Amino acid sequence: MKSYDFEIEMDVRDYELDTQGLVNNSVYQQYLEHARHQLLKKLGLNFNEMHNNGVDAVVHKAELVYKKPLMGDDSFVVRSSIRQSGNVRFLFDQDIYRRPDETLMLTGVVTTVFMSGGRPIRPPEEVVEALKKYRKSHE
Amino acid sequence: MKSYDFEIEMDVRDYELDTQGLVNNSVYQQYLEHARHQLLKKLGLNFNEMHNNGVDAVVHKAELVYKKPLMGDDSFVVRSSIRQSGNVRFLFDQDIYRRPDETLMLTGVVTTVFMSGGRPIRPPEEVVEALKKYRKSHE
Amino acid sequence: MKSYDFEIEMDVRDYELDTQGLVNNSVYQQYLEHARHQLLKKLGLNFNEMHNNGVDAVVHKAELVYKKPLMGDDSFVVRSSIRQSGNVRFLFDQDIYRRPDETLMLTGVVTTVFMSGGRPIRPPEEVVEALKKYRKSHE
Amino acid sequence: MKSYDFEIEMDVRDYELDTQGLVNNSVYQQYLEHARHQLLKKLGLNFNEMHNNGVDAVVHKAELVYKKPLMGDDSFVVRSSIRQSGNVRFLFDQDIYRRPDETLMLTGVVTTVFMSGGRPIRPPEEVVEALKKYRKSHE
């Protein structure tokens, strides 16, 4: 199996369903965002604290392939990995698997950049360090 | 200027903002969905009626590039075009421009397929006809 | 007919529907919030600017009676009035009517207080003045 | 401490925050809905299955008092109780407490009715039985 940096389990909530009885397409982006922020927390980085310090991680691109629809009462796991690309971008590979049968429901690649004062910046030292430390501990 | 099949104006609502004061990334997909459904209506096709007749237009892929963030009190227009790709796919090219300065905020390509009974089907005759009729009236 | 301070027309969007094909209950609160903020704008008050100046209008209580459900493709109007209650509270009476048949769909009373630094404060002078000015111009 | 029929723990997700850095007011209704549906499940009743059988539990009234705001990174528990009122109504008493300090953040009373074919109906036998059985097992 593919290896990931982080996984988080979640349940579909009925208010996330649309009139087709399926999770609305926009809701998957909410799932992925929550998974990314929890991944960052695991690295010791807090999205809300960074924002208060004037640094925002901003989504630049999202490419989502919807394989199969999540439905009411489904449980699922979001598995995510993070990798740096060039000087300013971080890419998150994020896949959603249904529980317990491990069917792949969605694959996504989300590109983020760090911004400060309205401009892209090199990733803050704390982010690069946190990632390095994490990689080392998983070699 | 690029030509589109349909445009719809909308206002950012404060509940759509996140803690950064920006429209949350998932909300753009809601804007695009609403624009697609209104485009279909203009063609004489109703998303909810199709669903009641057992045919669902389902998003297969979404590729979104976030150029600049929409903020509180912003107005914007979603411009969309539809094109068939192969036998079963419809692609929507969808761009969001801020008003009144016409700054490009987001570009998206959303691929949809028609499904019935859990399987992809060729687009219903009414859809193909509606599109043909629309194209003819705009030649 | 009852008289209101402000009205705003809106359309149901398909992503707001739940699996019953009805607008989800939580979405009505989004409609009411948007209507309140637009009412404030009409009075010359901007929710986002007030926030940046350290003053937040915060909902203390919401009492909502769901009369009839809004459905896909419905249009509706939110009609709102504002009144002060005691020293620190503003009450919004907010009703939602379906268009064009003017059926009453929801009645709500939303109590708000102004907060600054985590504490309730007397309404800012600009708010009281804006309201007074508005009342005078409508006598 | 007050006794409840059911409790469920949840975490605030960053996309639920608004520009004030607080959970948006409408989101609490989503939390309460999810808690009610999970309570029903515990009683052996499934919201989506009931809908497919033509019976919908519909919110008639929601009275919410916002005591203190939930913020980013907060955890909380929703505690709910259900009681019948008259022939056709079920009332849910629902309170939200922050974790781990058990501060009361919101108190709510949500009145629901069962509907079938657009009309209120007496609660289905299965619901009454499920509730009776639950009460008996907790005496």
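As written, the chains take the letters A, B, C and D, and residue 1 is the first residue of each chain.
By definition in this document, a contact is a pair of C-beta atoms (placed from the backbone, for glycine too) under 8 Å apart; a residue touches a chain by one contact, two chains touch by 3 or more.
This structure is a prediction, so every number in the text was calculated from the model and none was measured.
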Practice problem: Would you mind telling me which chain pair, B-D or B-C, is linked by more contacting C-beta pairs? | Solution: B-C
Quiz item: What is the chain whose Cα centre is as far as it gets from that of chain C?
Solution: A
Practice problem: Measure off the straight-line distance from the CA centroid of chain B to the CA centroid of chain D, and report it in whole Å. | Solution: 34
Self-check item: Euclidean distance of C-alpha centroids - chain C vs chain D, Å
Solution: 24
Exercise. Compute the distance, rounded to whole Å, between the mean C-alpha positions of chain B and chain C.
Key: 29
Quiz item: What are the residue numbers in chain C that touch two or more other chains?
Solution: 14-15, 19, 21, 24, 26, 30, 33, 48, 72
Quiz prompt | chain A-facing residues of chain B, complex | solution = 19-20, 24-27, 29-30, 33, 48, 51, 56, 58-66, 69
Quiz item: Which part of chain A faces chain C closely enough to touch in the complex?
Solution: 14-15, 17-19, 21, 24, 26, 72
Practice problem: Give every residue of chain C touching chain B within the complex, in rising order. | Solution: 13-15, 21, 30, 33-34, 37, 46-48, 72-73
